[in-house]
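Two complexes, one shared chain (chain A), two partners (chain B, chain C).
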Partner chain A sequence: MKARLMRSEDLAKLVNAIRRRGYEVVAPFCNKGRDTYYDTVTDENIGRVRLHVANPYYPPKRFVLPPIERLLRVKRANGTYGIEATYEAPKRAIFGIRSCDVAGIYHLDRFYLGREFPDTYYARRRRELLLVNVVCTDAELDISDACFCVCTDTGPAARDHFDLQLMDLGAGELLVVAGTSAGEALFEEPIFTKATQEHVERRRQILSEVRKRFKTTTCWFSATVRYVSQGSVPEKTWEEIGNRCLECGGCTYVCPACTCFTVSDRPTGRDEIERVRIWDSCALGGFTRMAGGHNPRKSVHDRRNRRFFRKLAHYFIQRELSMACVGCGRCAAVCHGDVGMPSVVEMIRRAAALEDKIEPVPADGR
Partner chain B sequence: MRRGTGFVEVGWEEALGYIADRLKSIRDRHGPDALAFFNSPRCSNEESYLLQKLARVVVGTNNIDHGTGAYCNNSIQVLDEMIGVPATTNSIGELDLSDVIVVDGVDLGLQLPTVGGVVIRAKLNGAKLIVIDSRRHRVAESADLFLQVHPGTESVLYGAMAKVIYDRGLRDLGFIRAHCREYGAFLARLQEYDLWSAAEECGVSPAQIEEAALIYARARRAALLYSTGMEARSRETIRAIVNLALLCGNIGKEGAGIYALAEQNNLQGVCDMGMLPDRFPGYRPVICDEARARFERLWGARLPSAPGQGAREVFGRNSGWNLKGLWLCRYDPVNTALFGDAAKVLDGMELVVVQHIFLTETARRAHVVLPTTAFGEERVSFTNTERRIQLAEKVLEPVHGLTPAWQQIARVAQLMGADWRYNDSSDVMEEIGAVVPFYSGASYENLARDYGRQWPCTKDRPLGTRFLFGEQGPARRFKFVPVPRATSRRAAMSQEYPFTLVLGHSLYYWHQNVLIRHSETLKREYRILLLDYPNGFVEINPEDAAMLGIKDGAQIRLCSSTGRAVSVARVTKEVRRGTVFVPYFVREVEWQMRGAGTGEQLIPVRIEKVKE
Partner chain C sequence: MGVNGKTIVAAEDRGATRGAGPGPVENVYLPKLAVLDRVQDEIAEVKTFYWHFVDEVEQAKFRAFRPGQFAQVSLFGVGEFPASLPPSPTENELFFTVRSVGSCTAALHALKPGDVFGVRGPYGNGFPMEQYYGRNLVFVAGGIGLIPLRSCIVYAMAHRERYGRLQVFYGARTPSDLMYVRDLKAWEESAGLECHVTVDRPADGWKGNVGVVGSLLKKPEINVAVANSTAFVCGPPVMFRFAIKDLLQLGFAERDIVSTLERYMKCGVGKCGHCCIGVAYVCVDGPVFTYEQIKKLGEDI
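After this line comes the complex of A and B, so read on.
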């Protein structure tokens, strides 16, 4: 990987350089309080593009997988049916995507493109996407109370799957790393200067410092993966988790690594329908209902169980070459019943420890 | 506009001119009370304020209501009478500071998940959670103490709790002496309550009632949550709740209080704005001469002094009074008014005006349908269940030609000769501030500065008020109201009809699904519900089911004194023994069981197996 140096005051120049290359650039903007959101960069708002902002509640997943997407149109004419596939794949750059969300998109890549049936809708959009990652270094702005990417090995600095990565070295200097040739092409811009070994060393120091600033360190994450994979989580614990789920589906809608969708046909006019793909959620009862009426996961705790099994079981990690949890902490922030990932890891750890408790041998040896 | 059997599109001036003419004509021929103006608790403050002003000032009638008035007005009356403010006293965020939280008769997971989340998190942080409900719902699973009472017996339960607290000397005498009145009358009645008989009546153990009472009384700060939308909620129960809070001094403290939860986004706001047949904006009664004189001065018009008719009177079965025209703002009584046959009433009208974003069943019966802008397409305000007035900014351009509902109302008023000048919605809010004292500081400029402001938001307190009666006590002392011990309901339950049928909402079936149909995901869930239970379902406790030999999914027949219906049993421990739960689902079942239009919520029934 190649590295360069740039000044932080040249941030807007970098964004404009990407825009000049024909990309629609989306970046996180600040609203009130900690509220932030992704929006398209324009000449008007470019002055408000920041390096350090709270990671938006809604992940940038929608730029590769929209919540509702038309797949095809069916029209009836002259006694026959015409089917027309519709694609929407703009040339787009996500500027300021956090390392956890980069890992989320990589997980989606593995799911939609990694096996025998690549998804053409996803593939077309993904091909046009440029990811400019920002490393989380500001303990106040970048790292929220619920962040735990240090436990899922997805942050605070992504190691790959980005096109360009920016990291604040302090003193107005940014270390820029190119992860792909598309990213490297941007080094032509006159804003970049050479990076030295000293800068790389500073990067290492800052990262080692930042890793200590996380407030949620869900240790036992890997142990929980083992417990879930072995099926050794007590049924009672799944019930406790299920009892706190209010079935809102929020965790799945804010998750950068959730892949599930459903397909629905709806009329759009006389003799015309469209087929749409819609995000779906395992929190909802209809998600696993089969055509014949059987529902293998009808009760709430079975559905919650399913979510954590899909995220943490070894089988899926092997299949996708990545874990379906990237440690962004959004589910913890959104969950009404506090059964987001960090809490669940803790509940499972405690339960498993109790289960494995060794009764002391009575002193008299009986 | 209606032409023959269908609708034709016409220009705004033609449509609004037609409405103005017809309103004038009906008023002149039949008097102002031949017209009524109803909206829904989802309407904004601005359109609610202008609609009631149109009715009161331009037309001259108090026939004003919001669709859910039939239920929540009990709460308004009682809170106004006892504490002087008909609203939640504290803030949702404060539940975090409560030592004890009591949740009564509201399925927070279903109806108000955000509040449910705050309650669950408070409980995880160490608060004690007491749940009182006949249904074992999601939040009940997290409770320290779950009192699964017989439906409709809550006032007895609270009375017995108050008795325990009094007998043990745990009342807050300092608070009572300093801030309350009519304590003696309350005590006299309290002697009627007896722990053992109350336990039998409510169907829980005396030890549970005692424990609940002690937990509540010993808390430094205890919050009590109930739903204003619950249809079975009687005035007596709400009085009993307020009495209990007063007895333990749980008002005027951070983390304590009474939460009269509003289940719709602007139920609090439409009531604040005076969308009530008997109250002006700010809750002053229309029969009060002094209040009327003030509004006559403010609005420059003579105002009617007799309280008007509400939605229940108009759509109820025995309405039969002289109504000729109806204005319905975002209200769909044909689908949602459970207490009557709105379709029939609408078909008999000379004029029906409907403002809505969808062509609802109600709109199909209108003479004029005014399509309006939706949330996000207009700049208006809403007031939520913690009295928070919030500004909803316009972020989308509406479809070409659509106008906000408040503008349409204002234009009709002008066409009827009123001198109304509002350049934009902030002018309406300015007038609201001049009329409703506790909104006087709520200018758009102020509201936009933060996530809204909680009323009272006045010129002196522009930042609003997190909890009421904190710095200064009540304007008038809090009032205890004696609640006589209800006569036993259990004895009245006959051998013939041993079960109590409760009607309520289910997760994907909300207010007859007027809105759910427009969301793909919710529609999927709803379709599956219909596929699984095409004739609806009746929830029954596993022990009752075993006794009757009924299996999950079996066909059963429900019989009440008014009719019978066949449905499918869904065996679940969520319902308590002796009760069965039916979601508002297939209306035929509901109508058969309670007789159309009576609105009765707790119905004695018998259950029979259907031989297949």
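After this line comes the complex of A and C, so read on.
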């Protein structure tokens, strides 16, 4: 991958260069306090675009998979129906997407575009999307208490799947790496200068330092994947996790890699309806309830088990060649019952350790 | 490793993308318009809906379905539901047999001949009927569980020479709960197939067997083909559990018992996530699974 250098005071120039190419640019903005949110960059707010901000609670997933998305418009006339598929795919760039969320979008790519039935709504949005990744290097602003990308190997610097990657080398210098030809095309801009081997070496040093600044570093992921895949997690551990779940669905709505949706028809006029898909959550009781009331997945711990099984079972990782957890820590940050992914990974590891059967041998050796 | 004998193909091999993304792909969520031709009463709350696609090309494409596949039925303004395909691809007409149980199925029941609705599919793996060539087929159905199995039974009858013995064991609560009575009558009179029917609670004038469907399998005068046989089981959960137990006792191997599962589904194409049981998306990995696979799904069915 090719790298160039730019000055951090030229950040707005880079954003404008992307806007000039016809992209709607969305970037994380800082509200009062620590609240951050993705918003469209305009001439008015461009001065507030920052390199280092806390990752917003709402992931950028909605730019490829909106929370509510119309699939069809259906009009009734003369005893029959006119069905029109409606697509919305603006040319859009996410500026400042974090490495975990790049991995999240990649996971959605694997899920929605792979296998037998590629999803055309997703494909159209994705094709128009440019990802400008920012590496998390600021321990105060970029890295939260719940971040654990170092455990899922998705950060702090994405290795792939971005168009352009920016990393703060300090001293007003940014190392910019192009991941695709679309990203490399931006190197035409006069703001870029040559990068040297010394800059690449500084990038490496900074990254190894940043890794030490993560507060959540419970690296039990691979072990937990093994326990979950083998089915060796004790039933009472799932129950304990289930008992702490308030069934709010928050974890799934903030997850950059959750994919489930429901479909609903809603009237928009006298003889007109639209069919929409809406984010859904496996945490909610009605997720598997069939017409007539039969629900094969009744208890809350079955549903919690489901979510973590879907994310951690080796079978699904192999199926998508990508894991449905990217270490962003949002589930841990929003969960009132403290059963976000890092806690669950830890609970499963601890339960597995307690399963060890050790018999002390008496002193006489028999 | 594959579910249901299918090799799991890595996403990349099917056109997954990084960065730029693929060109426009077919819209899998787009229903095709269908016209209701006529309605046949079956049992209380259950009717059969004969229909055809408005577009002849769609009709021809759809008719290549396999026994055991399903379709997504659209009632515009109400929603979409998955419905199994009871006809055999060897038959001329397309139809659904549906119990009115929720808002979508009730909306279908309210349609009159000539009314228009939507259908997309066929979806799912279906029964691998070609894998059963030369084998005896034993069908065990309870109640409306006969609906999805009807397709295989009629298909096997149409290709009689490809299969060994064909046996149907069918049970319902009462004589008025028996599905497809016209088919049952034809099957009972057919020389090519052994059909045994039972009811839990007989009504006046019932001269047939009384008892659960499993009791048929144990009758001394009935000789169930076990060696070189595949058993198809479909019915309500309790019936399913006991029928499996009976078949295993008779000596059926777990991989020689097949069933078709039912789940809440929104998309039918492996995306919405509602039908996922353990490691399987029922809509794309199923709905047909062997009992051996069902046990390994990692979650209760």
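In this text, the second predicted complex is superposed on the first by the 357 of 366 C-alpha atoms of A that agree within 3 Å, B and C clash if a C-alpha of one lies under 4 Å from a C-alpha of the other, contacts with A are read in each partner's own complex, and residues count from 1 in each chain.
Quick note on the criterion: contacts are C-beta pairs under 8 Å (C-beta built on N, C-alpha and C of every residue); 3 or more make two chains touch, one makes a residue touch a chain.
Please read all numbers here as calculations on a predicted model, not as lab measurements.
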Fit or clash between chain C and chain B when superposed on chain A: fit
Which of chain B and chain C A:P296 touches, first, second, both or neither: second
Touching partner for A:L113 - first (chain B), second (chain C), both, neither: second
Chain B versus chain C as contact partner of A:E247, first or second or both or neither: first
Touched chain A residues, chain B compared with chain C: C
Touching partner for A:C260 - first (chain B), second (chain C), both, neither: second
Which of chain B and chain C A:I317 touches, first, second, both or neither: neither
Chain B versus chain C as contact partner of A:L72, first or second or both or neither: second
Partner chain in contact with A:D338 - chain B first, chain C second, else both or neither: first
Partner chain(s) touched by A:D280 [first = chain B, second = chain C, both, neither]: both
Overlay on chain A, chain C to chain B nearest C-alpha distance, Å: 7
Shared contact residues on chain A - chain B and chain C: 262, 264, 280, 289
Chain C to chain A touching residues, read off their complex: 1, 8-12, 14-31, 33, 54, 76-81, 101-105, 114-116, 118, 262-264, 266-267, 269-274, 276-279, 284, 298-301
Contact footprint of chain C on chain A as seen in their complex: 71-72, 74, 76, 79-81, 83, 85, 106, 109-121, 123-124, 126-127, 129, 160-161, 163, 179-180, 182, 231, 259-265, 267, 273, 275, 277, 280, 282, 287-292, 296-297, 302, 306, 309-310, 313, 315-316, 318-321
Residues of chain B defined as touching chain A within the complex: 108-109, 113-114, 116-117, 120-121, 124, 138, 141-142, 450-451, 507, 520-521, 524-525, 527-528, 531-532
Residues of chain A touching chain B in the complex: 32-33, 68, 243-249, 262, 264, 266, 276, 278-281, 284-286, 289, 293, 300, 335-338
